[in-house]
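Chain IDs A, B, C and D follow the sequence of writing; residue 1 opens each chain.
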Amino acid sequence: MEAIQTTSTADDDEQTTFEPRIVAFLCNWCSYAGADLAGTSRLGYPPNIRIVKLPCTGRVDPLFILKAFERGADMVLVSGCHPGDCHYTSGNYHARRKLPTFRSLLEFMGIDPRRFQMSWVSAAQGGKWSQVVADITALATELGPFEYFERIRDNRN
Amino acid sequence: MPKIRPEDLEAIAMRMRRQAKLRDGTARARVTVHMGTCGIAAGARKIMTALMSAMEEQGVDDVTLTTSGCAGLCSREPMMTVEIQGEAPVKYVNLDENKTRVIFTEHVLGGNIVADYALGVGSERVA
Amino acid sequence: MPTLTVNRQEIEVADGATVLDAAKACGLEIPTLCHHRGVPSAGACRICVVEATSRGRTRLIASCAYPAEEGLVVQTESERIKRSRKMTLELLLARCPESERIQEMARELGVDTPRFKTENRNQKCIMCGLCVRVCNQVIGVGAVCFSGRGQTREVVTPYKELSDVCIGCGACAVVCPTGCIDPAEFRDKLLERIPNEFNCGFDSRRSIYVPFPQAVPNKPVIDRENCIHFRTGGCGACAQICPAGAIDYEAEDEFTEEKVGAIVVTTGYQLYNPAAYEEYGYGRYPDVVTSLEFERMVSASGPTGGNVYRPSTFEYDDDGKIVGGEKPMVCVFVKCVGSREEVKHKPYCSNICCMYTAKHTMLYEHKVHDGQAFVFYMDVRAPGKNYEQFVRRVAKEKTATYIRGRVAKIFPRNGKMVVWGADTLSGNQVEIDADLVVLAAAVVPSSGAVDLAQKLRIGYDEHEFFNEAHPKLRPVETNTAGIFLAGACQAPRDIPETVAQASGAAAKALGLVVRDEYEREPIVACVDENTCNACFNCEPVCAYGAIGEKEIRDRKGNLVKIVAEVNPGLCQGCGACAVTCRSNSIEVEGFTDAELYAEIDALVP
Amino acid sequence: MAEQTSPPTAHHVGRAQLLVCAGTGCVSGRSLKVREALLEEIDKRGLKDEVKIVATGCQGFCAQGPIMIFQPDGIFYQKLKPEDVPLLVEEHLIKGRPVEKFMYVPSAGEPPIPKLSDIDFFNKQRLIVLRNRGLIDPEKIDEYIGREGYQALAKVLASMTPEEVIDEMTRSGLRGRGGAGFPTGVKWGFTRKAPGDDKCIICNADEGDPGAFMDRSIIESDPFSVLEGMAIGAYAIGASHGYVYIREEYPLAMERLHIAIDQAREYGLLGEDIFGCGLNFDISVFRGAGAFVCGEETSLISSLEGRMPEPRVRPPFPAQSGVWNMPTNINNVETWANVPVIMRRGAEWFSSIGTDTSKGTKVFSVVGNVNNTGLVEVPMGTTLREIVFGIGGGIPNGRKFKAVQTGGPSGGCIPASLLDLTIDYERLGEVGSIMGSGGLIVMDERTCMVDVARYFLEFLVDESCGKCTPCREGVAQMHGILERICAGQGRDDDIEMLIELAEYVKDSSLCALGGTAPNPVLSTLKYFRDEYTAHIADGKCPAGVCKALIQYSISADACKGCTKCARVCPVGAITGAKKQPHTLDRSKCIKCGACYESCSFDAVLVE
């Protein structure tokens, strides 16, 4: 990844500023390449995103998302190919059916479903990728730190 | 009518032959009007009508009135054949309604051949 | 294969041949009138009579319709035949004294003036019925027929009106031996000309045609929508005429399955339809053409034979070929029609227009020496090798006047096309009375590119150009293994680029298929046979059919259990099965749950 | 009728039936006693089971009562007394000898009525095809069966293979009665052998010759004989369907045909599994719209298929490829009507009738200047003289016979010198005519042969389909020349030109219509060339027919002044007082010939 940090230097100055941690599960064939394209195209986007590369969004096990939240992620993004464009024919359709269902489960668990986002970014959409990241970073900032699991852990301890 | 089989032919033929010989007791005489196109064109329908009305007027019910095709001698149409039970048929030619009535009264009812109008007696030779 | 004797010469002919065929095979000439190759014979005019002897009887027979029977003895020259033919012609001449064909044939047989007269003379029609037969039996339409009989017989259309069933094929006029059918009578019924797609519809083609001169294979094809045989079941003239018997009407498009190791996608491009610029009037004004249409016009093998004419003045011959027109003395070229227009059209540069427009101005100058060319441009982009020099030459030699600016409106006035444009360098409005306007329309992917991309599982961008795997490092490959790209399907490209890319794609494809063993990514799913409980939920989610059953037996061969099994040759490693498996018994190598959890752990410490 | 059909199976109903009249007249003449005596006598002789005695109603001959009819012999006994009974039974019933002294004898005073068998018109005929004419009601299939109808089909289906039927037909020597005279059995054989899953047979009833009505008459008087013939043909040929192609102008024939087909279907004599013998055959009636050329096989097929009736080049012959490309056998009505008789009575019987080459009988429609016009059936080999003078009863009004035209418009005229010609296919061909379908037109001395030729050619010009040049153009030109000659504008070379054209048309035409079209011209030229010459060279019409060439006048010597001619003259060209010779004003005369026809004293002269 060639992403470089172009966000405001004011963050460095103000240590108190909340920097959300975002875990992104990206399809190797589209969104991951889109992110790459954003880099090669010298497009900037917030550095809060941490990317896990997967062969396909169809490989995203809901437990991965829970694991990310458990580990303290403030937001999780799953991004894959546009419907119809799956490299594996139908993997993104599986994700499209499975993950929104899981999203409603998050609410049941007491997690704000807005903390889990999905997007379709193709390999040619470097621009879109940087926009998506900027948008969700802004959303994550707005939602504030996710401390639910930490509290549970702390209580247990 | 049911389909017939070869063996039924004979029964039909016998029945028809009995009728043809006028011995089934219902008819005493048979009058055949020859109604091919030639006969009809020459007026055979009028002859037929005349016969039918004569029968009705005189209350005759023991004469069979029938039709057939051309008898061959087209120049002498209309023609009819009168057959009294047991006698040779007589052919009449060049008929009109009046002649028909005379023949009906004289020959069919009275048994006397009207020689003036008759062509001949008997049947044609069939090879 | 009957054998018969013609003028003492024994000859074997094909089944179904006529006596006339046999005589021709012997090199004998027999005059005919009502006979035409490709139309069923009727033996009506009796000109072609010959003497035929069979079963001891010699008769005059019509050689055009009489089958060549085994053992037939034919005599084509005799006094009797001569007398008959002479009288036939004398009678026909009496009927049709004006017909040149009849006059000529009569002269050959020594008839000068007929001894007879007919009342309905001065006809040209000899009642041979060829037109009726060709229309009914060959074309299968029935737009002409006989009415009346004997002397009152005449050839008419049904109810003597121009009927709707006539398809205007003109076959009747073609076969008429005396030329008494004038196609002008049903001019408005004549078949609509079939535009020749390769020549941008400037001229017409037949319904059986070679698509274009360089077509591979260079063979004719049948256009079923226009072919009379497919419309009416009749005609079949091409099949009768083809000496190789190559015409097969029964042939259907077929799907063939081929197993291949690599696919190179080269679907090319098409021109953006400039009708989207309503102000330019393309499609409404014939003298506003696209650059491709201009290209066809200047081509020596094109519809005008390399001449540049104003399309509004095209002159056609009977065959629909362009034989003349007015030369455009003022020609305006408009560049970037659709390209570099982010708001309404295409944001990208079409890459090739600058260079071909420069070429077009040169060709125009070659064809119309005293013509004037103007080029409206936004920028001149000539980055290739020697490109800049070429453009400079155009400017230097004054083959064209380059005007930097856009064209606002094109409209007809007094037989000219008025071009309103802006000259942004001088800040003036420009008005040019042009004879021809050539629009350099944008390059867009071929229609159907998206369908193909989805079939092949390759990506494409918002303009439907196909995505390469990596714009710099893997420019001819796609993300799908074994599928390569070349040419304008990927982006607007000129010829040198396309050739280079195609060579690269070919080399990549060869590199894949020349190997003895197939190497693949190790990222495939594998089953933990210990935990798999054979629910086979993984099976329906696999898009590749890679999940199979495996029987596990003990040493004695007793079945212990059945488990799922992954065929690593088919598996693409998407991982859908791994997510579906309730017992966590399938994992994708390289993307196992454990690896991913570890990754997540590392990312969010 | 009893003498015609002796019932072969009388034993079915007993040996005899005695019909004793029990009407009032006879009963009062003691007929019941006669009946009792009969019963007693028969019982005594043990014939009770074999002889049936029936008391009938009045038989109308009361003056001669008591009367009795002895069946099956149809002997009429009269004035019987009970004491006559033993003799009668002994003689007639036991010994089979009718007892003349009891039989009816017409009284001497009755005027003599000739027997039909003594009348020439009837006694020279021999009825095969017309065997049922005047005898059956053509709308009742039972009457046909009553006259041995369908016996032939039953026999064929029960005991003969198709090949045997064809062989029988071939041996019978029957030749097509439509005109060309092709052996019917051979034709059937061709169609049977032609490859094809289904085959078709057609009855050609498109009778187009002017003055010919054989086919119409056969169908009108005995449609079943045609249907039975076709069913036999279908079995022999292997056809499942038949058509009767009948011209629209025959409504009565068509109606009777439809009735006959319906009745045959009801009896299962058409349709599936005929007689339970597995033969499937049905017949449709196709109405032709009246084109003479449809009598030609290939035109007929074309018309049947719904196209314009035009002949086509043969081969292929219909036997190879006919209706809808099926092998097709076409025969004329008379041919089909012959078939059942041949099958019933055998080829040997049939071939014993007629001449060496032409077997059986031929039906002719005798018309024209002859006393007895009508339909006659004579054995092949009968002379023309017998037909014209014997059967036809000679020429009316004591005029002289001139010629007879056979074969319709395509036939030729045969002059008086050839009256003793025996009729068969070959002889007629030799003299330049044809058998044709059987039209026979008798012409007397007042017939102009040039005019006859002109008339027939006019017909043919009108009926030529116009497909081929010789027939369309050639016949029209010949007709033009004849018109010219009849109009008195004949040229010296007209006869040569007629012959040249005639030979050309005959030689070069596509079908038989054209091929025979010149026959009227050629045969009249052959036998009556002098009449042509008289027209052209002398400007005269010897028969006084061609108006442009004749003048009427009244002979003052012969005219009795009856005024008949003056009364019939439509233009008042004849004047004269009663009982005084009349005069004719030629400037007013329109040559209509009314005076000529009306004069009873032959005083009107024509020159």
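We take it that a residue touches a chain if its C-beta (ideal position, glycine included) is under 8 Å from a C-beta of that chain, and two chains touch if they have at least 3 such contacts.
Everything numeric in this text was worked out from a predicted model, so none of it was measured.
Each step here moves to a touching chain, and the least such steps from chain A to chain D number 2. Of all chains, the one whose Cα centroid sits at the greatest distance from that of chain C is B. The chain pair with more C-beta contacts between its two chains, of A-C and B-D, is B-D.
Centrality by Cα centroid goes to chain C. A separation of 114 Å divides the Cα centre of chain A from that of chain B. The centroid of the Cα atoms in chain B and the matching centroid in chain C are 82 Å apart. Distance between chain centres (mean CA atoms), chain A to chain C: 51 Å. Rounded to a whole number, the gap between the C-alpha centres of chain B and chain D is 21 angstrom. Under the stated contact rule, the graph of chain-to-chain touches is a line, running from one end chain to the other without closing.
Per the contact rule defined earlier, chains pair up in contact as A-C, B-D, C-D. Chain contact summary for the complex, chain A toward chain C: residues 21, 23, 29-30, 33, 36-37, 40, 50, 52, 54-56, 58-61, 63-64, 67-68, 71-73, 81, 84-91, 94, 98, 122-124. The residues of chain D lying in touch with chain C in their complex are 291, 293, 308, 312-313, 315-316, 461-470, 472-474, 476-477, 480, 497, 500-501, 504, 507-510. By the touch criterion stated above, chain B contacts chain D in their complex at residues 1-6, 9-10, 12-17, 19-21, 23, 25-26, 28-29, 32, 34, 36-38, 40, 62, 66-76, 81, 84-91, 109, 111-113, 115, 118-127. Of all the residues in chain C, the ones that touch chain D in their complex are 41-47, 49, 60-62, 65-67, 69, 80, 83-84, 87-88, 91-92, 94-95, 115-116, 118, 126-127, 129, 145-146, 148-153. Every residue of chain D that touches chain B in the complex is listed here, in rising order: 1-5, 7, 9, 12-13, 17, 19, 54, 56-61, 63, 69, 71-72, 74, 76, 110-119, 121-123, 125-128, 130-131, 133-139, 142-143, 145-148, 150-151, 154, 157-158, 213, 216-217, 220-222, 250, 252-253, 256, 266-269, 273, 275-276, 353, 361, 365, 371-377, 379.
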